[in-house]
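I've put the structures underneath this note.
Below are two complexes that have chain A in common, paired first with chain B and then with chain C.
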Partner chain A sequence: MSIAWTNRMLLLVALGLAALYLFPLYWMYVTSLKTGSEIFATPPGMFPASPQWSNFVYVWETRNMGRFLWNSTIIASGTMALTAILGTGCAYVLARYRNGWIDLALFLVLMLQVLPASLMITPIFVGFSQIGLLNYPQLAVILAVTAKAMPFFVVLVRATFMSVPGELEEAALVDGNSRIGAFWFIVLPLARNGILVSAILIFMQAFGEFVYSKSMIQASELQPASVGLNTFMGPNTTEWGNIMAYATIYVTPILAAFVLLQRRIVSGLTSGALK
Partner chain B sequence: MTAQIELKNVEKYYGAYHALKNIDLSIAKGQFVALVGPSGCGKSTLLRSLAGLETITSGAIHIAGERVNDLPPRKRDVAMVFQSYALYPHMNVMDNLTYSMRLKRKPRAEIEAAAKEVAETIGLSHLLDRFPRELSGGQRQRVAMGRAIIRNPKAFLFDEPLSNLDASLRVHMRKEVRALHNRLGATSVYVTHDQIEAMTMADHVVVMRDGIIEQQGAPLDLYAHPANQFVAGFIGSPAMNFVDARISESGEAARLNLPGEPLIPLNGSYPPGRSVIVGLRPEHLSVVGPDAGLALKVSMVESVGSASYISCSATPELSFVVEGTTRLRSGDSVHLAIDPDHVHVFDAKTRLAIGVVN
Partner chain C sequence: MSRLLSSLRDGKGFDIVLVAVPLAFLLVFSGLPLIYNVVMSFQAVDMFSLGTFNRPWVGFKNYVDVFSLPATWPIMRNTVIFVVCSIAGQFVIGFALALFFARGFPGSSYIRGLFLASWVMPGLVVGAMWNWILAGDFGVLNYALRSLGIISENIFWASNPAWSLWAVIVANIWLGISFNMILLSVGLAAIPRDLYEAAALDGANGLQKFWTITLPMMRSTIGAVISLGLIFTLQQFDLFASITSGGPANSSNVAQYWAWEMSFRQYDFAKGATISVVMIAVVMIASVIYVRSTRHEVRG
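The block that comes next holds the complex of A and B.
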């Protein structure tokens, strides 16, 4: 078997897997445009016969989507800002110092990443309710999601900082800068790409967060779109077209952002490795 | 002469590892001092301690009369040129050069004038807008030098600044760095593992090994009077030959531990019967007629045109140098004469040079 032939086979397998993986997404888009009877037709049609664009307008208005998306944005932005502010310093320290304590800290950070949200929610809920944080449910969710997203951010940004040579910082110190100045004006600009990309990934993750929001935010006018979608899907739902329209409105901006930024994201994540 | 840099009993530990051991060093204003030694001997550690990038465990460092032990790098007013150059990748050459001045918030006109002057000195006036990634290795090296010069510091610290350049550029830059030093009337400490660089550039050479200073002095003093076997082998190229020997009964000759136990004359008198190591520089052995000197067999001839380096099979191997080309071939026999003025004698146990007993 020639190499070209093997490559073609592998490409085919890759395309097949990608199609399988992306099919639900496709199905979401198609279903959002179908009429009620089309959705339940057997065999199901791969394309909508007459696209129902009105589904989107209807859902946007009746489900108060502007409100939900706004809440999602607040939670995602808050999480992103908090993670970036707290995590950058932490990642820098973990990147610059080498000893047993740092190794232990890194191990604990990775350990946190392993714990699932559905497990953590009960202790968090109890703790937050005792200190009264649940009276500010969006803030509570931001704090909880930040804790959940932090390890991921720290590990990525640490790798970025490690790719900035320590000698640059030392040169800045000898040139007359203070420790903080060297970090702020030399290291940070060079790590900017990696930090930005990691922050964007955190934003996207927080934008779709469900478990903590569902458990901690009771008032529907404070809930994010993920929880709104879940309420929409009652046990006896038949409005699949509208639900899919909701989902489409919810995920399309994130998908678009990802596609637009994917080059930068990939290069930001590998900049340290490739040099 | 006042000391511009003075180190007294400096000790440095990395955890349990003893990196600098009781370093005493005094550097006069305007002096060019080279620190040489094998890899890992603590040259960079010493330099970084001067810059304030490492804190010393004990002892004292004075720069221009001021005790700087507890001062951070920015308060020491020294400039450092790193082996990797450490140019700021997100700044162009102009900004790299003027970074220290901008930190001090000097007036704009003054900064620009200084940058212009320095760029001319290092010959980079036409490259001020380039970024470091757009420069060749040699140009980067110059920018790194320029960044140090512009500060007019109390001392220049160089950590193997030329080791990333190709051989011919390195030889050229050696002269340039030295000329620059003279022109600026600067005080420089230059780390290198290349003893030729140290010998050709410096007024004062410090030979280090395993965190201690083995010997320091003027380059030719180290060459002529190495204090111990390590310095003798480290300074000089090609390296000195060492042969085990025993001082004769008269004390004025040494019996070499070679086939036939040849006796070579010494200049002066040494403790009779002492086990020693005799050091013979390749350039001090000369070929003589068949009836005199040490009889040896040639094992290898390496000629570079201006000189030929010839190794003889003996244990240990002996090598010597002749000017120009040679007719000797591998397998030939050769007789070597030894000039008693240039025989170095070291104690077999302590490896220290043994002085003449008069």
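The block that comes next holds the complex of A and C.
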């Protein structure tokens, strides 16, 4: 068998594996397009006989999805902005120097990355309610999620800064730039792509955030889409077409961004997670 | 004053501000809760003393209470099963896929990247998806298993106590495969090709190459991936919330979900804090192992 043939076979197998793996995703899309009787048909049809959009319209209106998605967007944008503003400088310093203090700070950051949100929510909830932060529930969620997400961002962006040659910054300093100038005009533009991709990853994470929002936001008009989906899914639900339509509306923007940025996201993740 | 300003603009002060502000933020919103958690686990906390810092101290009473609850040991057992089986499934399937995609045919890296779609999805959406696939009457998994002749009657995955934990494990394995695979791929790519060429010249077969080259060369990567898997598995909350809610009758409850349930379903914040302290200690130990296994890479 020639190499070209082997490659073609391998590609086919790879496509098969990817299709198998992504089947749950496909099943969500297909179900959201089916009619009620089709959903409960045996055997289940692999394709919708006549694609319906009524599930989407129904869910969007009855579940107040615009409101939920807008709240998710607020929480995700706030988290992304705060994380990027605070985390970028931190990552830069941690990448630029090597000494005991930096190692200690790095170790602390790595340790904070691993704290499970569902275990941290108890003290955060009690503490926030004592200082009155729970009166601004979305802000409280943004602060808590930022504290959870920033270590990850710092680790990723630090890897980016380490690939920026230090000589460029030194040259800028020799040419009479201040440290702020060299950072702002030389280093930041060179690390822009890495920072952008990491910020988008943080946005995606915060867009799907659940534990903090579920615990701290009581008013339903302030809750994000994840909490909305959770209240939609009762224990004995049969509204699968509607639930899948909800999930589809919720996840499609994220998947679209992922497909567009796939290569950068994968390389960003792999450079940061193990280094 | 001007010296301070110029240091901020042009010297050490610049670095210190850049790193001190975020660290202070982390200390306030992660470090303080961590300490407060321990403090609360030694206090009596109820709805009335929730608003005050001045609560009665009760020593180790909360710990004794938690560990004498009848639900505690089954839940701890569930946690161990959940962690071990999730990691084993993710790792074995992820490793197999990584080895397959390491053959480097045209298009392999793009298709491999597609797997990460699961990683960027909101946990609740993954939970909803699997909830529907695992549904008892009309779920597609039951249909597939029935047509293959593996089962004769539908399994009610989420509501049968014998299967509920496995429903979450299956979903969690699916979620973790992509991450395991991508990280293991990075490790595989770092093994020098000429080792394999030399082994091939010596007449080694595929299995021998795997045992004598791939596995030993991947040791630190495997250590890191497994401890990261442990950390992520202990963070898993969304799937429990969306598939089984820990039920029925705690049959699929695990410590990290139980801690939340204690605080936010039964409003017993002291016990919630106590379980959290115990589990955070476990996570911390896992992450020290993780940091150590990546240390030479951290120090670059």
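To be clear about the criterion, the second predicted complex is superposed on the first by the 244 of 275 C-alpha atoms of A that agree within 3 Å, B and C clash if a C-alpha of one lies under 4 Å from a C-alpha of the other, contacts with A are read in each partner's own complex, and residues count from 1 in each chain.
Basically, a residue touches a chain if its C-beta (ideal position, glycine included) is under 8 Å from a C-beta of that chain, and two chains touch if they have at least 3 such contacts.
Here the structure is a predicted model, which is why all the values come from computation and not from measurement.
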Task: In the superposition on chain A, see if there is space for chain B and chain C together, and answer fit or clash.
output: fit
- prompt: Of the two partner chains, chain B (first) and chain C (second), which one does A:210 touch, if any: first, second, both, or neither?
  reply: second
- prompt: After lining up the shared chain so the two structures overlap, which partner does A:87 touch, if you call chain B first and chain C second: first, second, both or neither?
  reply: second
- prompt: Does the superposition put A:168 against chain B (first), chain C (second), both, or neither?
  reply: first
Query: Who does A:243 touch here: chain B (first), chain C (second), both, or neither?
result: second
- line: Max touched-residue count on chain A (chain B vs chain C) belongs to chain C
- prompt: In the superposed arrangement, does A:186 touch chain B (first), chain C (second), both or neither?
  reply: first
Query: Which partner does A:121 reach: the first (chain B), the second (chain C), both, or neither?
result: second
Query: Which angle, as a multiple of 10 degrees, do chain B and chain C span at the CA centre of chain A?
result: 90
Query: Is A:178 in contact with chain B, with chain C, with both, or with neither (first, second, both, neither)?
result: both
Message: Under the stated touch criterion, which partner chain does A:56 make contact with: chain B (first), chain C (second), both, or neither?
response: neither
Query: When the two complexes are placed on top of each other via chain A, what is the minimal CA separation of chain B and chain C in Å?
result: 8
- request: Pick out the shared contact residues on chain A: the ones touching chain B in one complex and chain C in the other.
  value: 178-179
Query: What part of chain B is in contact with chain A in the complex they form?
result: 48, 51-53, 72-74, 78-80, 82, 84, 86-90, 99-100, 103-104, 147, 151
Query: Inside the complex, what are the residues of chain C that reach chain A?
result: 9-11, 14-15, 17-19, 21-23, 25-26, 29-34, 36-37, 40, 45, 50-53, 97, 100-101, 103, 105-118, 120-133, 135, 137-138, 140, 143, 147, 159, 174, 177-178, 182-183, 185-187, 221, 224, 228, 231, 234-235, 237-238, 241-242, 245, 247, 256-257, 259-260, 263-264, 269, 272-273, 275-276, 279-280, 283-284, 286-287, 290-291, 294, 297-300
- prompt: So in the complex, which bits of chain A are touching chain C?
  reply: 6-7, 10-11, 13-15, 17-18, 21-22, 24-25, 27-28, 31, 39-40, 42-44, 86-87, 89-90, 92-94, 96-97, 103, 105-127, 129-130, 143-144, 146-148, 150-151, 154, 162, 178-180, 183, 201, 204, 207-211, 214-215, 225-226, 229-230, 233, 235, 240, 243-244, 246-247, 250-251, 254-255, 258-259, 262-263, 265-266, 269-270, 273-275
Query: What residues on chain A touch chain B, complex-wise?
result: 165, 167-168, 170-179, 181, 186, 189-190
